[in-house]
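Shared between the two complexes below is subunit A, which pairs with subunit B and subunit C, respectively.
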Partner chain A sequence: MEECLVEYFRTQMRTDPDMASAVAAIRTLLEFLRRDKGETILGLRESLKWATDCLTEVDSSVAVSSGGELFLRFISLTSLEHQDLSRCKKVMEERGELFLEKISLSRTKVAKLCHTFIKDGAKILTHSSSRVVLRVLEKAAAEKKRFTVYVTESQPDTAGKQMADALRRLNVPVTVVLDAAVGYVLEKVDLVIVGAEGVVESGGIINKIGTYQMAVCSKAHNKPFYVVAESFKFVRLYPLNQQDVPDRFKYKADTLRTVSDLSDEHPMIDYTPPSLITLLFTDLGVLTPSAVSDELIKLYL
Partner chain B sequence: MPGADKEADLTERIEAFLADLKRGGCGTGPIRGSGETARETTALLRKVTAQARWSSAGDLMEIIRKEGRRMTAAQPSETTVGNMVLRVLKIIREEYARSRGSSEETDQQESLHKLLTSGGLSDENFRQHYVHLKANVIEAINELLTELEGTTDNIAMQALEHIHSNEVIMTVGRSRTVEAFLKDAARKRKFHVIVAECAPFCQGHEMATNLSKASIETTVIADAAIFAVMSRVNKVIIGTQTVLANGGLRAVNGTHTVALAARHHSTPLIVCAPMFKLSPQFPNEEDTFHKFVSPHEVLPFTEGEILSKVNVHCPVFDYVPPELITLFISNIGGNAPSYIYRLMSELYHPEDHDL
Partner chain C sequence: GTSVVVYMVPQYSSIHIAAVVVSMFSTIICGFLFLLVVKRLPEHVQVDDPAVVKRLAKKLERQQIPLRSDYGYKVSLFSHLHQYSRKAPLTQLLSIPSTVIHPSIVRLGLQYSQGIVAGSNARSVALLHAFKQVIRDYTTPPNEELSRDLVNKLKPYISFLNQCRPLSASMGNAIKYIKKEISNIPSQCKEEEAKTKLLTCIDRYIEEKIVLAAKAISKYAIEKISDGDVILVYGYSSLVNNILCEAFEKSRKFRVIVVDSRPRLEGREALRRLVQRGISCTYVLISALSYILPEVSKVFLGAHALLANGYVMSRVGTSQIALVARTYNVPVLVCCETYKFCERVQTDSFVSNELDDPDDLMVTRKGKTQLENWQDVSSLGLLNLVYDVTPPDFVDLVITDLGMIPCTSVPVVLRVKNLDQ
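Our next item is the complex of A and B:
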């Protein structure tokens, strides 16, 4: 059962490399829901929780966890309206499909909101590889704006190089810089745009390691720091500092399984507090960091 | 024919209003204050609602949007016109929802909750006809007009909470709202006001004259002296032309200087702005953000020799980022800049943000 689930998830990620990992997780959970033979709603919730845990063991990113929580919330909200399980399941399947359809449009909505903030002749700095940022830059390029991009190499997996290749294919002049060169390059740059793996309740973000550094430097240089993220990445965490981010998100799933002493490992993500973020572009609109918790409250309470 | 006469009359009024907008706001201070502009716009929109031919809310919204686009195109820097159009559109949506019987909160804003629970792609096309919709909308617009008339008084009423005896208050240029605010406090408290003259239009002089007529001790200083004097100031109270969606301001030039000086001395910066100045724009549109007027105020044309060798600019507005602002005082009370997004969601609907 577990292998089936994991296999489905992996296939989803493989067939569409452009799909966000949260969307793949939600799709997998929806398929799991369809095949589930449970008799009660409580049983359904239990099995879905188990399924989410299996998925987080495969891919320990914040996005998968937030996708799973969102799906569970979706189940709870739907089950409140319909008491009968079979009807409930039908409604859930329909709504699930609709939800997936809507969130497939979220990147386009984000790009539509964000590209107006990129002016002609702008120099943009971005971190590592983010598909949402790529979509925003695609839209800006399509609107015939001229801009240059600096991408950090983003060790340890040099994801920045992939971003640079994708941008070169769009004929955008791009330079790959060392992670250590962020402070050096910031005086030339007009704005900083990064993606996010998760948006936390305070309005801060969890993203690839090096984002916090970039945010602190942009604050020091008075450059606007924009975050682009879809709304399904909003997660119910409230870290106050780097230590507060749970270990299960910081390290890759394999590392968590094999290594006993985590203090020797390098974390893959960091937390950027909301005071360093200028604006968040989401499919729910352009939000200031203080507006994020409002959105989460509307959903979860 | 009375019908044709009324329509001609309406078109004439709109044309006159547009011409006035294009002419006005030439930098020597608006020929009409923004409060008056807001009231005129709303009155015009009420007339349009009453006289234009429409059968469903969708038609009315289209008509209002069309008129709104024309009015904002006449003077893009006068954002109160656009804001009032958005308010009226929101009123129409609310009245429509009320007529349908659905609660006001649903279908209003995009949210994660709505994404998860909606049963279908809601195509709210506002096509249904309701008999009482016209009367309801006009009544709601009348309420809006009453609110607009009372804004300055509502703001002035809060003055006593913020101004205490023997305080030194600084202000910039001339703002009718701040003038009323200070005059109201002066009835019960004795305090001192320092007005920065705000070159090159020097509206500060007029402000100082009006304040001293109300027996408030006033001092006028040059803009260059703002930083020097700031250490003696207890509070800075300013007005603004627009409040932007991120909590920043588009205010008269020189305001950013005052804000930075206040931040340096940890002096609270209070902005008195009525709700109709709140605009859903962000400060990214550089071409429409700034307005430049004739530079002869900066360097008169008589200095012909120098003029051929230098570039002279005379911008009217300044951007003040939200981090420098302590408090917004509006007709609905005091709010922090980080709360502006919430006030915006209550006043305007996100789909109307781009007219």
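Our next item is the complex of A and C:
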């Protein structure tokens, strides 16, 4: 059962590389719901929770766990008072499909909100490879705006090079810089845009390692630091500092499984506190970091 | 309204005059309604205004409650607040047995003014227990309805308690709840039934808002305490003490630094209770704060009230701790139940505060009492502040029974609570 689930998830990720891992996870959960032969609503919820845990073991990013939890909440946030279990399941499946439809449009909504902040002649700095940032820059390029992009190389997986290739295909002038050169390059740029793997309750973000550094430097240079994220990435976590982020998000899933002593491993993500972020662009609108808690209360309560 | 009308009708005509007159009338009526709706400043922060003091004296005379007089020279910045002496409690001016005030309320007032019952939760619980006794002994007079008469009976008690010691935000919310419950009693309800209903309401309020809330807050707070932590606490907060004892029971390894300040020295009580449980503690005075902070990993603070603009009102010294902790990049966590959230907005510690007995600042060492004759020096004023407000930028996290929220989300919680009710 577990291998079937994981196989489906991996197939989804392979067929559409542009899809967010959280969207693939939600598609998998919807398929799991359809195939589930449970007898009770409570049993259904339990098995969905179990399925989400399985998927977080495959891909330990924050978005998968937050997306799964939000999916579960969205489909159960309706009256399930029908006598017939199959009718309840049908209602849940319909809501699941509605949820999936809403979030597949979320990237377009974010791009529509954000591209107006990129003025003609702007110099943008971004970190590592983010598909949402790519979509925003695509939209801005489609609106015939001229801008140049600096991308950090983002070790240890040099994901920044992929971002640079994608941007070159759009005919956007792009330069790859070292992670250590962020402070050097910041005086030339006008704004900083990064994606997020997770948006936490305080309004801060969890993103690829190196984001916190970039945020501190932009604050020192007084450059605006924008974050683009879809709403399914909002997670009920409240880290107080870097140490407070749970280990299950910091390292890749296979590292957590194989390595026993994590103090030798280097974390893949870091936490950026809300005081360093200017604005967050989400499909729920343009939010200040303090408004994120408001939206989270609405989403989760 | 007038300017819009002028723009739309450029010609000088009778329609124009009529429109101007109508718009003037509407602004006058709006202004009048605004004056009715806007809240007047409470009397206890307008002590330097003689008209307000006279109004208060008349009100107290009507309710047959003696007026407590201020004591000693007040520092000019705080001359708009009351300053009472503990040596002259209000009960000395009452004729005991008093016919107007219920004896349990008299006892409660004395306990407040002498500082025997202190601390936000303790005062609210004592108040609710005293009100339960009042309700038990209450009989509806003939031709009166319980829902209206009982509320009127409670008004002089509340004024009396206010004179003994200004009401706290939590007490204010508790009183609002009781008054609402009493006025919601249907008129056909029999007296015994109504009384039992009110008593169960009060018990449920205490159970839900204070006892169970403390359990929920401990559950969230324990997630934030990791092994090897050094936790700093200030003064004595019943909630923070509860959290630390529960965390210790769940075998978390941490040590505590208790910071204390004069003249109340409440930290000693906190220290005593923590050491009794077996938690290793350090005790410092607030002047050693910047010396001890490099060792600290987290700061846990209690709150007297959380204001609608995100400011935290707590014992004086709290904002200093939050400020120094912020400069050392130490996370500051405030623990507060939702019944202490209040709709007031305050940006400084001057406008609304409490002045305690200035004689408390006199200290006797080696047989000599410093400042013994401070009243004789005309230019000397002693200031014993009780509360201060901490801005939300110094607070990293607020733990409430609804979950962990940033300090700026207090209005959201107030909105959600109002929707629930």
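Going forward, the second predicted complex is superposed on the first by the 293 of 301 C-alpha atoms of A that agree within 3 Å, B and C clash if a C-alpha of one lies under 4 Å from a C-alpha of the other, contacts with A are read in each partner's own complex, and residues count from 1 in each chain.
Criterion: a contact is a pair of C-beta atoms (placed from the backbone, for glycine too) under 8 Å apart; a residue touches a chain by one contact, two chains touch by 3 or more.
What you see is a predicted model; the values in this text were computed from it and never measured.
A.B. asks: More subunit A residues touched by subunit B or by subunit C?
C.D. replies: B
A.B. asks: Which of the two partners, first being subunit B and second being subunit C, lies in contact with A:Glu201: first, second, both, or neither?
C.D. replies: A:Glu201 sits against subunit C, while subunit B stays out of touch.
A.B. asks: Check whether A:Phe249 is in contact with subunit B, with subunit C, with both or with neither, and answer first, second, both or neither.
C.D. replies: neither
A.B. asks: Would you sort A:Ser290 into first (subunit B), second (subunit C), both or neither based on which partner it touches?
C.D. replies: The answer is both, since A:Ser290 touches subunit B and subunit C.
A.B. asks: Touching A:Tyr238 in the superposition: subunit B (first), subunit C (second), both, neither?
C.D. replies: second
A.B. asks: Residue overlap on subunit A between the subunit B contact set and the subunit C contact set?
C.D. replies: 290, 294
A.B. asks: Would you mind writing out the residues of subunit B in touch with subunit A in their complex?
C.D. replies: By the definition above, subunit B touches subunit A via 110-113, 115-121, 245-247, 282, 284-286, 338-342, 350.
A.B. asks: Which part of subunit C faces subunit A closely enough to touch in the complex?
C.D. replies: Against subunit A, the touching part of subunit C is residues 224, 298, 329, 331, 333, 393, 396-397, 403-406, 408-409, 412-413, 416.
A.B. asks: Once bound in the complex, which stretches of subunit A touch subunit B?
C.D. replies: Interface residues on subunit A, with respect to subunit B: 70, 73-74, 77-78, 91, 94-95, 98-99, 102-103, 116-117, 119, 231-232, 234, 278-279, 283-288, 290-291, 294-296, 298-299.
A.B. asks: Which positions of subunit A touch subunit C when the two form their complex?
C.D. replies: By the definition above, subunit A touches subunit C via 201-203, 236, 238, 240-241, 244, 274-275, 290, 293-294, 297, 301.
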